[in-house]
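Look for subunit A in each of the two complexes below; its partner is subunit B in the first and subunit C in the second.
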Partner chain A sequence: MAKKTTKAGGAEAKKTTKAGGAKAKKDRGVAVEKVTLTIDGQELTVPRGTTLLQAAQDAGTEVPHYCYHPGLSSPAQCRLCLVEVEGAPKLLPSCTTTVADGQVVHTQSDDAIRMRRGVLEFYLLNHPLDCPICDQSGECDLQDHVFAEGREHGRGREAKRVLGRDDFGGDVLFYGDRCVMCTRCVRFMNEIEEKPLLTVVERGDRAVIDTFFDEGLEQSNWAGNVVDICPVGALVSKDFLHKARAWDLEHTDSICPNCSQGCNIELHTRDNLVHRMKPRTNLEVNGHWICDYGRGRYEWLNRGDRLEAPVVHAEERNTAMGWTAALEALKSRIDTLGESSVKAVVSPFWSNEDLGAVSRLVETLGGGSVVFRSPRAEEEITLPGYEGLARRKALAPNVQGAELLGCTRVGDDAAQGGLEDLMDHDGVVLVLGDALDDQPEGFAPNAALVVYLGAYTSSALASADFQFPVTTFAEQEGTFTNHAGRVQRFWPALSGPGAARPAWLVLGALLGALKEEEGPTRAEQAFGLVAKAVKSYKGLDYETIGAQGVLSAARVPVPGD
Partner chain B sequence: MGYPYSHEKEVPILSKYFGDPEARTLKGWKARGGYKALKKALGMSPEDVVEIVKASGLRGRGGAGFPTGLKWSFMPKDDAKPHYLLCNADESEPGTFKDRELLRWVPHLLIEGCLIGAYAMGAEHVYIYCRGEFFEANQVLAKAVEDAYESGIIGDDILGSGQKIDVTVFAGAGAYICGEETGLMSSLEGRRGEPRVKPPFPAAVGAFGMPTTINNVETLAAIPPIIENGGEWYRQWGTEESPGTKLFCVSGHVKRPGNYELPLGFSLKDLIYDVCGGMIEDRALKAVIPGGSSVALLSADEVENCALSYEGVIEAGSMLGCASVIVMDETTDIVHQVTRMASFYAHESCGQCTPCREGTAWVTTILKRIEDGRGTEDDLDTLIEVTDQMVGTTICVLSDSVAPPVQSSIEKFRDEYLALIRRGERVGAA
Partner chain C sequence: MPITTKVIQRPEPGRVSYLRAAFKGMALTLRHMVNPKTVTQQYPEEQTELHPRWRGTHVMEVHADGRPKCVACGLCPTVCPANCIRLVGGEDDQGNRYPIVFEIDEFRCIFCGMCQEVCPVEAIHVGRDFENAEYTRDRFVYDLDRLMQQDHPSTLLWDPSDPKGE
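Entry: the complex of A and B
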């Protein structure tokens, strides 16, 4: 179930090759002429216009490269992707040479390997080889390629060029000595963010990447991406600096929880802590990119003051107990109440599976209303070079999912207030995920029953009748529905604290007990129940959603979104 | 008339008015038969103009020697896009000074050639990219263009033909790499002077993304006489494969260095000992670089039977390039000269391609170390291998240019390297 890979390496292979989401859409429906060629003895047929590098990738051969990046233009300047094409007078850069009928390409011929060896030797002439203190070590393309194809010993005897370290602003540090001058960062700023904040200054072996005088990357909203696409340790994140070695990190596919765009990400974890968030390529949603706003907000997943055991409030005191006893106590309370009206508040940071379970419980207990509060930004932050990608105004991952389940948004743009109805309610009050930090002590004093399922306790909920510890999205499997109605899966990257369990599992067990039937035991089953209840999810299951998500049939228009 | 010296064996076609200040002025130029060829060309179809150039066998004088007529015929026809003709006047190959003299003395000859070329290729705008350091040449050229505009030779209706062609003089900012045709286009567009990947070739996607042809100054200056007199006339000089005359820039240890216009195929030995008056103080010849700093050195033996045509110099073991003949006598320190050349390339590399960016600098440091007496014999093998790795692996040929001087000098003057490495002895007086 856990979709984890240790150490990178596979990351690039997963990336698909088309440039922009918009462009990819345009290509559809047009009959593309096919070309048949041979790469390393393997015959393959690919669309005309495909580059040799892409074609080789399709055939399973990764041609080493630095300046080529599937999301950027190709200047063919790193000269590492040179391959032999029969009939050509010299080796050709596979990143810009396009396929031709009957072409015979050798990526592993003596000449190609000899030249790549030569180019790699040039790279190491001025490279400091400070791998032991470099953050990129372990996921470094220079390290990997030199290890695979480079010389055992360099012949350079001269002193190395020393450029030192430069603060590029924002979260980005520049180690000039490690730079391989691939100019991916410059091209990202020019072509994708369309804010030319980086440039190459000087020429020849004095050439170096730099910002313009005092203007740095603090003016960028997407600068973290230059750290991602830097093939070596020249551009590193200040936030991640010396925090962990790449090979110690586990990578888990996930969804960015910081707005409703639903960018595909990887959570990189070690010792049950999230150390960083990295974009995961999905050309339909975020391409190869994520914004700095989203990237920088993962610390809440590492909060230590978690609810760790079910807590039952009786006779003015809280008692921690096991799940069986706590759920039995809740069931008997519900049994004595009989049918009653329910008012629930949920959090759009929780999964469709969790929110769906709340809806089912509300219905079972006698019906009522479900509201949610969600933070909103005043402005979108768009990325000019990648149509359809923006930091959305809705700053929660599952606003659309909540709307589709019939939940209503209340409160202000700071996700506060709007709960007067619940405060005065005399029936059952159910809270999921939202710790009600803005509310006074002893929330809903007149309620017949207050049940809270959450990650942390708060003064408002400390005396709730039941406090159940549940896992966050990073600790469980589930789905979010993004602003466009795209249902996307995420996988557990962390293990939840103590007795915390997914809310769908807890509520499913309770519902099972109330209805005397089996509750869902797997997230997939929990999603199946949601898919039954929501018309636009019809026919969806975890298999069809897969790793890249599926656009559901309908979306509820969110005002101003 | 050659300049500063001339010789009876010269065939002065382009250089006829070198040293004649009146030829610089529009009036003086017209009095010398100027702009007749342009008038003639405008009365012909563009295709016919290209045919005459093809028939002349004129080859590009910038160094590569590509047939000019063929290059012109690559320009697309009826594609409704603006076409551009770029004149490469960014002459900066060490040892070359022929374009400078053409710009200084016969600017109208160049303008005439540009206009004929533009007409033949349907180009609406000619950019003359002139090396920035050529301060005088820039001024002379700018004045000539201004005068030509005023008298209706350039502009909306050239010579009353209804043809519209504009000419802009653009001053470079001091980078050798901007003399590479795609680097020149980048620089002209206001970007870093960095060569671009071909394909697409300039005739398809050139300056400002439009079909473009780039010709050297000397190539375009040869166009008016060819149009006036016909292709066959031009072929009376030179060889079958290298027709016509060529300006030879001779520098180094000869008695009379300078520009000499000679038929292609002329003997290198005669150039040195007859035309240039022989070696200074009659010292012995050691080596000759026949085509600018990017070609292999010829030893004194190889000079004996070298004919100065594109094919003749290849046969002798080097390249004609832009025919910049650098003559070195017995007092020359070959290691020092090669180090000078390598450091020039290290300084001028644009820094895009790794083999060039790192290789040029590395080769230079190794050579400097050898010069300082700290070299090893292994260094010579390293130099050969490293320069091998720099050939054919980059976007443009700046990187390739380092190999011929370095490799040929190690091959032909190994003793001089070994003397430095083994005993710290310098050969020659430099």
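Entry: the complex of A and C
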């Protein structure tokens, strides 16, 4: 039964999800017929075709639901979103019932509440209530709904079904007892990834989600999403298993740093460490999904080998200093050097603000070239059910931003090599972010001045004239520009170690001292300077970019993309 | 109640005898000599019986096979108002969730008993014990092994003779 509904819903789902991205455009073109209805005594006007559940959401009423997910089809099988519609013989599933003119809907009527109470009691017949050891506890829909509307005590006398747990492959672990059979995971696999690796086996109260024989989710590149959409703790991440409680984690809006798609994510942190990455809904970029490749690569944000204080190399010795002293020393070095040619290496893992500050500094010091090295994958990993979303070939978040600022890519696909002409350069060598791990110790021996602004200690630059600790993207505010030229903001989720400061702040202070003017003190001001320098960012500021990002005016083709 | 004033006449100096008061005091002292009433408790030779709801140093309950009952759910560090519990959860070789690290700083603890109240598996308890002197400060951070070895009785959350608190 469950399987049949899923398949029937498949075609419909494709329509809704594909339309998801193009919805905004469609709304602009054709005037959509509006319908006026009343939900819980509140009159509202919504486009025809809206479901009652969405309309109620617009009105600020959250109708409890499990099987409905905005990115998937609605099989209406969880029976939790039933609401009372005046004139209808019985309660209607709000996730599939569309609005009609003059409809009067009650989501909080006695019948609706009594029905939800009953349905929740059925859900708890076999649910183990192992909240203390369940990773979903604290962000569990079943926990929330039962707490809000369920019975205080169960009346079941029969023993609960015990299934134990099953390794689904990849990063996914399945606790069958906790499952509420919403089949969101099955539908995600069928409709969005279009790789049916999960199914419902058995029927009735013996129904359970399973993989096909020994074909597990390791064949999937997007399986992490089934953990996100699981409303209970049935599908949990092995990586996150027992690691932290949901209520301990702080959520910060950010951008996935692992490819140039620029998926909107949340960084979940505790004790100044990133514990996991979760997708943040942005229908223009990633919908509700992110890939397993991006999701699994957050450990580098927790690296411990960090630069923590400005280090000045003089008379064969490295001396740690305060910022003021170190910047003054650098300024006096620059003053004695006079105008010289600069060769800079930047990293596409650093923000537009930081890269913009580097290019301003290069200009001020006498001009030169800025290069960057970025890892590349051989192939894109696409998500068939969501147009425009893929793990891109460029495996760095701000390749486009670097290109727009006039930086050129060098080196190979592992982000190595390509720095031969910097090695013999006799002017100023400036490095931002790139620790030059492939380079020998004593990088650029002939250079008049070597400045390294980096987050991590570097053996190649251990004897650089100046080493300045800067923050990674997770520790500062800023913007990345994704492969399509979309400028998106991220926010600080961690606090930087020791004296580490954002590179734009450090370079801004240095530039301010060199030019005898005020440097930027806020990321917003630093972005303003970038927006002035790059044509396609014209008119952009932090307010217009907002939480969902803005497509900038032009797209510079990244070679080979 | 109305405020009343009572005027006490101070006796004139030189006209008062303190003899009567002195004898009265001596009589009390002598009476105690003949018929002693012990008020002083001879601690530590004599121990007071602690109230059943006395909240002292913690006890971790243990399964029959020696594993701690704690499932590392994280509720006690969440509820602890003094922030004195450190917990790192993990999985043991039988696939059970258990605390890899469970530490209580008895110096920071304010003995409110909320950890015991919130515990869903009745693992952590405050105990009927107060003799916990140590020679060094760091000995006051009780780790899991030490909490499991505590052998004093644990505190009752309510009075058994009056379970509803009436």
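Following the convention adopted for this analysis, the second predicted complex is superposed on the first by the 535 of 561 C-alpha atoms of A that agree within 3 Å, B and C clash if a C-alpha of one lies under 4 Å from a C-alpha of the other, contacts with A are read in each partner's own complex, and residues count from 1 in each chain.
Simple rule for what comes next: a contact is a pair of C-beta atoms (placed from the backbone, for glycine too) under 8 Å apart; a residue touches a chain by one contact, two chains touch by 3 or more.
Predicted, not measured: the structure shown is a model, and the values here were computed from it.
*Asks:* Just to be sure I read the superposition right, which of the two partners does A:304 touch: subunit B = first, subunit C = second, or both, or neither?
*Replies:* In the superposed model, A:304 contacts neither subunit B nor subunit C.
*Asks:* According to the stated criteria, A:338 is in contact with first (subunit B), second (subunit C), both, or neither; which is it?
*Replies:* neither
*Asks:* Looking at the overlay, what does A:245 touch: subunit B (first), subunit C (second), both, or neither?
*Replies:* Touch status of A:245: second partner only.
*Asks:* Taking the superposition as given, does A:132 touch the first partner, subunit B, the second, subunit C, both, or neither?
*Replies:* So A:132 only meets subunit C here.
*Asks:* When both complexes are superposed, which of subunit B and subunit C contacts more residues belonging to subunit A?
*Replies:* B
*Asks:* On subunit A, which stretch or stretches are contacted by subunit B in one complex as well as by subunit C in the other?
*Replies:* Correct list for subunit A: none, the interfaces share no residue.
*Asks:* Any idea which subunit A residues touch subunit C in the complex?
*Replies:* Against subunit C, subunit A makes touches at 131-133, 137, 165, 241-243, 245, 247-248.
*Asks:* For a test of understanding, state which residues of subunit A touch subunit B in their complex under the given definition.
*Replies:* The touching residues are 74-80, 82, 89-91, 93, 96, 115, 118-119, 121-123, 125-126, 155-158, 180-181, 200, 202-207.
*Asks:* Where on subunit B does subunit A make contact in their complex?
*Replies:* Against subunit A, the touching part of subunit B is residues 175, 177, 192, 197, 346-355, 357-362, 365-366, 369, 382, 386, 388-389, 392-395.
*Asks:* Which part of subunit C faces subunit A closely enough to touch in the complex?
*Replies:* Of all residues in subunit C, those touching subunit A are 71-75, 78, 89-91, 95-97, 120-121.
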